[in-house]
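In what follows, chain A forms one complex with chain B and a second complex with chain C.
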Partner chain A sequence: MEKLIQAIYGGIVYGSIFGMMALGLTLIWGALRMLNLAHGSLYLVGTYIAWALVTLLKVPMVPALLIAALGTAVVGFGMQTLFLNRILGKPGWDVGSLIVGVGVGMALDQSILLIFGPRVKQMPPLIPGVYKIGRVVINYNFLVVVAVAVISLVLLSIFLSKSRHGLAIQAVSQQPDAAQLMGIPTRTVFLIVMCISAALAGLAGALLSTVYQVQRESGANAMLMALVVTIFGGLGSVKGTIWAAYLIGLLQSFLMVYLGAGTALPGVFLFMMIMLVIRPSGLFGLGEAQRL
Partner chain B sequence: MLKVTNLEAGYGGSIVLHGVSLEVRDGEAVVLLGPNGHGKTTLLRTISGLIRPSAGRIEFDGKVLSDMSPAEIVAAGVVHIPQGDLPFPELTVLENLLMGAYLPDAWKQRKQKLEQVYELFPVLRERSNQLARTLSGGERRMLALGRGLMSNAKLLMVDEPSLGLAPFLIEEVYRKIRDINKSGLSVLLADENADHIAGFADRVYLLEMGSIVSEGTAEEMLKNEALLAAYLG
Partner chain C sequence: MIQEESFSRQSMAARIEERLKPSAVPWSRLSVVPVVIALLVSLVLPWATDLLPFGKFVLHLLILFFLWGIVVQGWNLIMGVSGIFSFAQVALFAVGAWTSGVITQQLGWSPFVAMWFGPIAATFVAVILGLPTLRLRGAYVVLLTLGFQELFRNFTTQGPNFVAGGGYGLRYVPKFPFEEWVGGDKAQFLYYYLALVFFAIATFAIWRIFYSPIGMAFRALRDSEVYAISRGVSPFRYKLFLFGFVAFFTGWAGAFYVHWYGAISPAIMLFGTTINLLAMIVIGGWGSFWGPIAGCAVLTVLPEIMRAVEQYRILLLGIVLALVAIFAPEGLFPLLLRWVRKMLGRQT
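Take a look at the complex of A and B:
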């Protein structure tokens, strides 16, 4: 019983964070047909902004999280306007956008190394304290992380399905030519998507910095899991991504609790391979991934 | 209203339109006739800003469209219903229609416009919460027209509204477009046969190999069967 609670609790925590990361990836894939390989680095930017604000500048936690999300959005804005806009709509976009992702990612990673150095850093928790159910320790900090993640996922879903600009993002993703004929400015929409996606990555990074140690490798790990989730959920599908995030989160958590931490990653990848054999376009993928 | 002068345009290096000139006046229904692959769609796509012209001029109500972005051209009142409808497949019918009213001025009036569109196409009201990809061919065509009407269009450009539809549906679609035209909207319609000119078109242009080879009123064109047969077969 305690193991079960532990596993479910862990799964929800992982799932929420995977969801935030993966949703950013999937939004960009849907709108721009680009796999943003800099996504993990954007996560790292959020992490370090939050750490610098909280520990160096003594900014309180909540504004620090917001500034981290905003700051990362600004980096995404720069990536779009400085690099991606130049190759947008030109032949070779597929490969070009991948290269931009790798390049921007490297530049960000190395800048972080230069500025903050290689030492692993520690963030204080959002809210200290724990709650115990039998031998299961529920960390208040984790609960806040989950709450923030879930709230941002819900707000984003509402934005995408109800607001004029959110619907326009979906329209551009599904049928860019028709979207242009409705007067939707596609480039502006791409920019909005990039900023939202970066903000999500930055917020995820900032949130997780209160859970794990702050180190440069965490960006790559987060990117890897986000990629697994998006592939699993069907690239470009918001609904599929959110489902997949919690599914993979729970899977990882159950493997950790019942079979040991070492089995988690191999298990997740094995599961993904089986899944891709059975359903190559993902859980909710629609062939050429048109859904957003 | 719309005035196209010596327009030259194409894809990449190859020119498709060789100095096309045509005009649509206020309230008119103009049909652009021509066989497949002779530049009708290219002409409409150039007018709506999806393709940049390499030479020539497009004017609408005194504004020069040839320098504008597609969004600005829609805002000016020129709305293009594309060939093949191009619905947003994973949005509902209602959401598709709302996207037709994306621009701020149209968005403010979206409720009235929605009522008007539902009145003209009752089937869209019935289907309003269905995903667009679940619609039949005829319903998709109605959706494409309805979506175009959600904007503040002054000129509606319709590209081959008969494409891929059963004959009885084709009649209905043309009847709807005629109603739209009667309600005061100018229409420029591209078509590959002359079946629907009578009782619909005010004037007709014949486009071949990217050039206008003939123009006239609908009556004049219909009398000249030899000409139509020669070009359209």
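Take a look at the complex of A and C:
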């Protein structure tokens, strides 16, 4: 029973965090048809901005999180305007955007290393203290992380389905050409999508820095899990991504609790490979594998 | 208008014809003189480097160039020519290295025998990996191959002790017995010649595929899959063949690496190596034959010159990679070649 509670609790925490990372990837894929390999680096940018604000400048937690999200959005804005806009809509877009992502990600990672140094850093928790159910330790900090993640996911889905800009994003993801013909400024939409996606990655990074240690490798790991979730949920599908995030989160957590921490990553990958063979377009995929 | 179009189509057909025909007799394409000169130069090269004060180091770089040259050419064939976004090439390299290394360590076989099991294992793994992967496209392939690399890295750090060596990877792998044959100093020469032979064979095989009807089929698959299928090219079969074919040479390079260094660490499968190789292909020339080789040469030598500013080098490489993808999508080497030709043309 304790193990079960532990596993479910862990699954919900992981799922919320994966969801935030993966939603950014999925939005970019949906609108821009780009696999953004710089996503992990954007996550790192958020982490380090939050860390610098909280420990060096003594800014309180909540504004620090917001500024981290905003700062990462600015980096995403720069990436879009400086690099991606120049090859947008030209023939070699899929290859080009992939390589631009790798290059920008590499440059961001390395700048972070140059500025902050290689040492692993520690971030204070959002709210200290724990609550115990039997032997299961529930960290208040984790609960806050989950709450923030869920709130931002809900706000985002309301934004996507209700607001003008959200509807524009949906239209562009479904049919870019038709959307443009209907007078939607696609370039602005792309820019908005990039900023939202970057801000989500930054927020996830800032939130997670209170859970894990602040270190350079965490970006790549977070991106890998986000990729798994995005593909699992079906690229470009928001609903599928959120479902997949919690499913993968629970799977990882159950594997960790019942079979040991070392089996989590291989188990998730194996599960995903089998799943892709059986259902190549993901959980809620839209026949994407054929269209790609 | 219509006439113009049909004319251009005809000329296109003529051009394709021209490219296809000689491949029926591949050696006729190969002009003998440059090849012989290149071979002679590379045969004499170690003796020339011996005269230099830092000759040993140059030789080391040359061997590294041959090694990564094999991997990069193969990857270019997969990614640049046929458009499969595989990110598992370093993992296949490692599969070759680990197989050969473990066989020599555990069974006590000679490296010369074990060396052949590396590429065979790599091909086998590639085919197994290719079966689910190559039916998918684009982003899905990226993820599955990245995932495989991560899985294999995980296995080599946390697997059984004869594979992982407690997290350090393989150490004290038997080297090729060159030092016993010719003594310490000249042993590196023999490594060089062996690497040269590997590189020459791999380059020839890849060149052969590159300019053959099969190579044409790959390019057709990359540019318009629907058209290729309508002309009777089965995407899955062709891709699977290519995947296995390239994995053979990649695993071969891996097996050489492990018996040359005498050790291999799981850290080789971190994203950094993959990015470095990708940079070689992109900067050299995506999808061209000589581009990746040129890129490999530049990016093997450059880091050694820029050792002092190592950290800025990676930052710079990232930015250069992004800029090349934007402003010279076909790579710097073809651009340079065209520029040189233009200059020569203007003079004559």
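In this section, the second predicted complex is superposed on the first by the 288 of 292 C-alpha atoms of A that agree within 3 Å, B and C clash if a C-alpha of one lies under 4 Å from a C-alpha of the other, contacts with A are read in each partner's own complex, and residues count from 1 in each chain.
To be clear about the criterion, contacts are C-beta pairs under 8 Å (C-beta built on N, C-alpha and C of every residue); 3 or more make two chains touch, one makes a residue touch a chain.
Everything quoted here is computed from the prediction, not taken from an experiment.
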| item | value |
| --- | --- |
| Which of chain B and chain C A:I133 touches, first, second, both or neither | neither |
| First (chain B), second (chain C), both or neither touched by A:M272 | second |
| Partner chain in contact with A:G92 - chain B first, chain C second, else both or neither | second |
| Contact breadth on chain A, by residue count: chain C or chain B | C |
| First, second, both or neither for A:V104, with chain B first and chain C second | second |
| Touched partner set for A:L167, first chain B, second chain C, both or neither | first |
| Contacts of A:I151 with chain B and chain C, given as first, second, both or neither | neither |
| Common interface positions of chain A, toward chain B and toward chain C | 292 |
| Chain A contact footprint on chain B (complex, rising order) | 48-50, 69-71, 74-75, 79-80, 82, 86-91, 95, 98-100, 102-103, 107, 147, 151 |
| Contacting residues of chain A [partner chain B, same complex] | 164, 167-168, 170-171, 174-175, 177-185, 286, 290-292 |
| Residues of chain C that touch chain A when the two form their complex | 85, 132, 135-140, 142-144, 146-148, 150-151, 154-155, 158, 271, 275, 278, 282, 286, 311-312, 314-315, 317-327, 329 |
| Residues of chain A defined as touching chain C within the complex | 29, 35, 83, 86-87, 92, 94-96, 98-100, 102-111, 113-114, 220, 224, 227-228, 231, 235, 262, 265-266, 269-270, 272-273, 276-277, 280, 289, 292 |
